[in-house]
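Each in structure tokens, the structures are laid out below.
The same chain A turns up in both complexes below, where it pairs with chain B and then with chain C.
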Partner chain A sequence: MLTSQSIGRRAALRAAAAVSVLAAPRTLRAQPAAIRIGILQPVTGALAQDGELGRLGATLAIDALNAAGGIKSLGGAKIEMVFADARSSPEAATQEVERLQAEGVSAIVGGFASPICLAASQAASRYDLPYIVDVGVADSIVSRGLTNTFRFAPGFGSFTSVAIANLAALIAASGKPVKTVVLVHEDGLFGAGLAKLMNAELPKIGLEVLETIPHPTPSRDMANVALRIRALNPDLVIPSSYYNEFVLLARTMQQQRIRPKGIYAVLNGAASNYRFVKEFPEAANLVMDCNHWFNPNNPLALTVKKQAEAAGKFMAYNVPLNYSCVGLVADAIERAASPDRAKIIAALNTSTFAGHIMPYNATKFVGGQNQGAIPVNLQVQDGDIKVIFPEAVASAKPIFPVPA
Partner chain B sequence: MKISSVIAMAAVLLALVGVALFGPNTAINFLVTALIVALAAQGWNLLGGYCGQFSFGHAAFFGTGAYVTAILQSRYGVNAWIGCGCGILAGAAIGTLIGWLSFRAGLRGSYFALITLAFAEVLRIAANAAPITGGGTGLLLKLDMRAANFQFASRGTFCLIVLACVLAVLALTTWIARTKRGAEFAAVRENEDAARALGIDVLVTKLRAMALSGAITAAAGCLYTQYFLYLDSNIAYGSWISVESLLAVIVGGIATPAGPIIGALALHALGEATRLLAGRITGIDLVLFGLILVAATAFAPKGLAGLWNAAQSRRSPRA
Partner chain C sequence: MYTPAIVAEAMVNGLLTGAVYALVALGLTLVYGVLHIINFAHGALLTCAMFAVWAASELLGINVYLAIPPLALIFLALGYALQRFVIGPASRGDDANTLLVTLGLSIAIENALLAAFKSDTRTLSGDAAFDVVELGPMLLSRPRLIGFAVALVVALLLWALLRRTDSGKAIRAVAREKMGASLMGIDVRHIYALTFGIGCACLAVAAGLLLPTFYVTPRVGQAFVLVAFTIVVLGGMGSVAGALLGGLLIGVVESLGGLLLGESLGQAGIFVIFILVLLLRPTGLFGARA
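And now, the complex of A and B:
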């Protein structure tokens, strides 16, 4: 009896000591409450690769912000990431928004795919919870009148008009006769919609569309498409497909020695992906794309690129976009000087955030869309992805037509 | 029904209503998703469980209900409640049509399962390409939280409505099983030729089951649309809902009135629990979920309802 009592007392003393040691730092340096930001990305399911890259971008941004002293207007409050897996589906994303709301986040960043962004931002709008779309390009995301939803990157409409204008400039600058085009597209709305638009717009810049070739996603063989391209012998091939199909097409064209004067993709999953460039350098060489990209002249962007590579990942556009979007929110919280959602939304509406790593003009939100956001044109050159348009941020001159 | 079963069911019902009224939004959200799947599974159970026609393509009904509701509202400005009614009727209609086309051709068993899968896939591809469904970008319903719009500021209200639908179908299923129609369903399930010999019009009986099953699963689609306010071809006609509705029935207990509800709740609870348990390792919850599912089907082949019944009869062996 005596022994057990004395042990009990010792244990109690030990516990008390432990508690006081644990409690000490709190009393010594009174930390302001951390600001929680929800990071919503699809890290399981079909979009897992993109989701992981998005998570990496957000993580790097939060680490950098905390290392620089957190939110200064809130006494150096640290930013705490609350991660949510959107599981590549809109209803899972909605579920996670509910969880993030319960965890008391001040804003949500992410979504990646348009359907996820649409559903999640709507769920967040029930709580007036600020939602920053990282990638989702569907124009409907910012045309619904939701006051909580902001998109830092450009949308589909902006992409298509810029892509066609830059193509016209590219052809004019080359001084070479480029007359004929073959469109290859996946048969969903993304590819089909783009092909329809191209069919209407390309004749206006003096190009003749020889044929529009649809293919389903997934496709396991592109030989027929490649052979058709060989028979038509166009000056230019414009593909709008997803990653696997485009890689397959580019490889088949390379094997069959089909060499048009150029391959010009729009919002193509592969042509602006380091994985494609590293795995199939010859097939990828000199392919052009109009897409999101970081500013290659921004030293911070190059630091983030090094960090991403150190983490064993490629610097796809998801990384800089999420990095910038987290910065955008942190800047808004800094100016709002409060974790209050209405104040953060007001601060986002008046944002002129310049600490991002994208090649954008001055940040200005109108109806939730950043008016300064611009798509860029890229080209694979010497095993690297170079920006060729707009000239202000270009890291290389376009090589067009492709030398025989 | 045994007293213990009634008490168990009343307790579960009370718990569900309690969650809907007082639970946190995350719990309500979980419950709504699980109950919508339960409703779709009840539709599957009526056709697959009671009438013996195994379908792999209940997405065809779910998606039709969902799309009709969404299109009527977003393109033609029809009231949401009327839209849902039309969605349910459309589900019954598409059920009858698919049934008529396939049963008339004498398709049974695995052939019927395959043709339903094909119908769902055809609808998915058509919805992905057609402009009226919004194609790949999908359809979005405007957030306008008014009861007249079938949208509620409180998630609990919507949860109670879904729960009411599930209970109504539970009552309907229990009632049908005891009527002449139910006996006809069972006769067709057990032996089609014998049923025909008894003077049962097999084609009409199967079509009845298809129409009813289609309507119930379409109702789940309508509720899905009203809750999430967003649809695309993969959500509406994707194989996920076909798989979930038949999985819920198989796990819960095939051809039992409460089986689909038990199955859907158990599967979704398991999914959430593994996610909580698994913690930080991405995707490990899915592995765990799969393992538990394999174990469950191996050790409880008659579903959870079967397990409950077995436990009951063990306790009172003479009953």
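And now, the complex of A and C:
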């Protein structure tokens, strides 16, 4: 039984090989050469959860573009993904950029974390290889004068100014006295930098920072942080941490019955993550965040959300950002009508790409930064994540302060 | 500064966390004491155990605490088999090889878990994690109190096992003098594997106690291993009592350090202790052998 089956399989394989050899010349003539795009994401190591979501967004975008007929100015050339694992480290990302260069990609999209984006875009710049940053918010990414590097999403400076302006508006609208704040932040480049800015800016809108509590990543325990918050009893808690630490903090605060008037996160890993909302609805309820988010009024965004959920993933911001960034590159290649890198970079510089699913203003790159990119404010309401600012794309009114 | 009530609560929190640290360290210290190898796969095996607990609770619907005894037995067998059929034969009797084999094993396990479970963070659902016990002004987490009690009982059981049973005596004999034990008719390979198995069983218990208030990802074990190494050095390599006291001490130092100096510096306290112990008392608090 086993033998006859394996002979059958071998024969079938041989037949298939013969057919494909015969068919090959014809397909080559009919199909223009595929355009290769490098997708660089950390899918192993500490950032793997984010990297997988980024890969999903890029995959969905490439599938959609190919299904819609590929690059029309190149005779319907298909887009081919060349995936590279940044392994959660800048060194590995740099190596992978070398490999992508060797594989002849026309552009690279991704990176996720700021250190990876910094290193990878620099490595790509040596080959004048267009590099589109998906998430990395460090302002230095676009201030180094690299002509190959483009960031579609907003940067750090933009996030802090918008977050503080929106917070001031939120407090004014609530009509309630909100005076004191405790900052909780992870002690790396991102959290510490943000806390420093917050310490300088919050007093200007009349808020007193009672204490700034740093914590390492990973943290095994948030009991002490919660204890200190309980002792200080602030009106507002502003956390900036990665996913696991914020989940621990929010759970511990709930357990310790700490109920400030609001939790207002900035670029938090969990506060606008569907997984957190689904798994800990009570701890997540009414938490606010200033972050990247898709446009809830864009039908295509909702389709992508459904596709992401069908793939067993949540629609975290990585998905729509990578979806949009791949679209941005495809649009540039379409207008450049060439896989030539210099032409693609020129096309990106004049891009007015509107086919994205972010709630952004008109796309316009200045020095590699998209001027139309804006952060949004989100709030967990009724087990869902709602956009509360800016009003033009808002899907709900803010609930602040948290009802007792 | 902080009120005494808060400092007291931080200390109690530290003790509760420290007991589970101690349990992780117990497995490590036992394997070191008997096999004289540093088991680099300890963290990965802890992660493995945490995933097993998660699966038992979320996929099979077994209560976490009821899942601990069968999982401890499964991990006992697993550890036994690992040492007997993988680590032992692959290292060919050379301690340096064992080090590399366990390191390789940890990489293999972590990536297998990554392939199987992806990188998502998983937690136990349900509200049990939020239960608190009010003790005067303190709000103590019930799962942690349970963890503390169970960890103490397990340490006591382990101590009794080593002191009172024949297997325990054989383990201690092998730890002290491998050749002599072998000449007395003790099957050293069996004792090695048994010790490794007991170490893994400790991890399974620790995993069951940790998960109600913690999360699991394929890399989570690493967060505990460095602390466990410190505890082993502090308590004395191979000492059960040392691991227990060391764990409690490290828990309190971490907690108070975190409260007074900030969470980032609080962790530094652990490693200051590590360095001081190495400088002043290299055998640790309870270590007899140099």
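Heads up, the rule we're going with is that the second predicted complex is superposed on the first by the 378 of 404 C-alpha atoms of A that agree within 3 Å, B and C clash if a C-alpha of one lies under 4 Å from a C-alpha of the other, contacts with A are read in each partner's own complex, and residues count from 1 in each chain.
Everything that follows uses one rule, which is that contacts are C-beta pairs under 8 Å (C-beta built on N, C-alpha and C of every residue); 3 or more make two chains touch, one makes a residue touch a chain.
Just so it is clear, the model here is predicted, and its values are computed rather than measured.
Peer 1: Quick check on the superposed pair: does A:D289 touch chain B, chain C, both, or neither? Answer first, second, both or neither.
Peer 2: It touches nothing on chain B or chain C.
Peer 1: Output check: A:D187 vs chain B and chain C. Expected answer is one of first, second, both, neither. What do you get?
Peer 2: both
Peer 1: When the two structures are overlaid on chain A, which partner does A:S114 contact: first (chain B), second (chain C), both, or neither?
Peer 2: The answer is first: A:S114 touches chain B but not chain C.
Peer 1: Which partner does A:T44 contact after superposing on A: first (chain B), second (chain C), both, neither?
Peer 2: Both partners.
Peer 1: Counting only touches as set out at the top, which of chain B and chain C does A:D134 meet: first, second, both, neither?
Peer 2: In the superposition, A:D134 contacts neither chain B nor chain C.
Peer 1: Would you sort A:Q255 into first (chain B), second (chain C), both or neither based on which partner it touches?
Peer 2: A:Q255 sits against chain C, while chain B stays out of touch.
Peer 1: Thinking of the overlay built on chain A, is A:T94 touched by chain B (first), by chain C (second), by both, or by neither?
Peer 2: After superposing on A, A:T94 lies in contact with chain B but is clear of chain C.
Peer 1: In the superposed arrangement, does A:V225 touch chain B (first), chain C (second), both or neither?
Peer 2: second
Peer 1: Touching A:E279, do we find chain B (first), chain C (second), both, or neither?
Peer 2: In the superposed model, A:E279 contacts chain C only, not chain B.
Peer 1: Taking the stated contact definition, name every residue in chain A that is touched by chain B in one complex and by chain C in the other, in rising order.
Peer 2: On chain A, the overlap between the chain B and chain C contacts is residues 43-44, 48, 52, 187.
Peer 1: State the interface residues of chain B toward chain A in the complex, per the touch definition above.
Peer 2: 24-26, 29-30, 33, 128-129, 134-138, 140, 142-143, 145, 153, 224, 228-230, 232, 235, 240, 282-283, 286
Peer 1: In the complex formed with chain B, which residues of chain A make contact?
Peer 2: 43-44, 48, 52, 85, 89-91, 94-95, 98-99, 101-102, 114-115, 118-119, 122, 125-126, 138, 140, 144, 146, 187-190, 192-193
Peer 1: List the residues on chain A that touch chain C in their complex, please.
Peer 2: Per the touch definition, chain A meets chain C at residues 43-46, 48-49, 51-52, 187, 213-216, 218-221, 223-225, 227-228, 230-231, 243-244, 247-248, 251, 254-257, 275, 279-280, 282.
Peer 1: Across the complex, what residues on chain C touch chain A?
Peer 2: Against chain A, chain C makes touches at 2-3, 6, 9-10, 13, 17, 111, 114, 118-121, 123, 125, 127, 129-130, 132, 139, 141, 213-215, 217-220, 222-224, 227, 254-255, 258-259, 262-264, 266-267.
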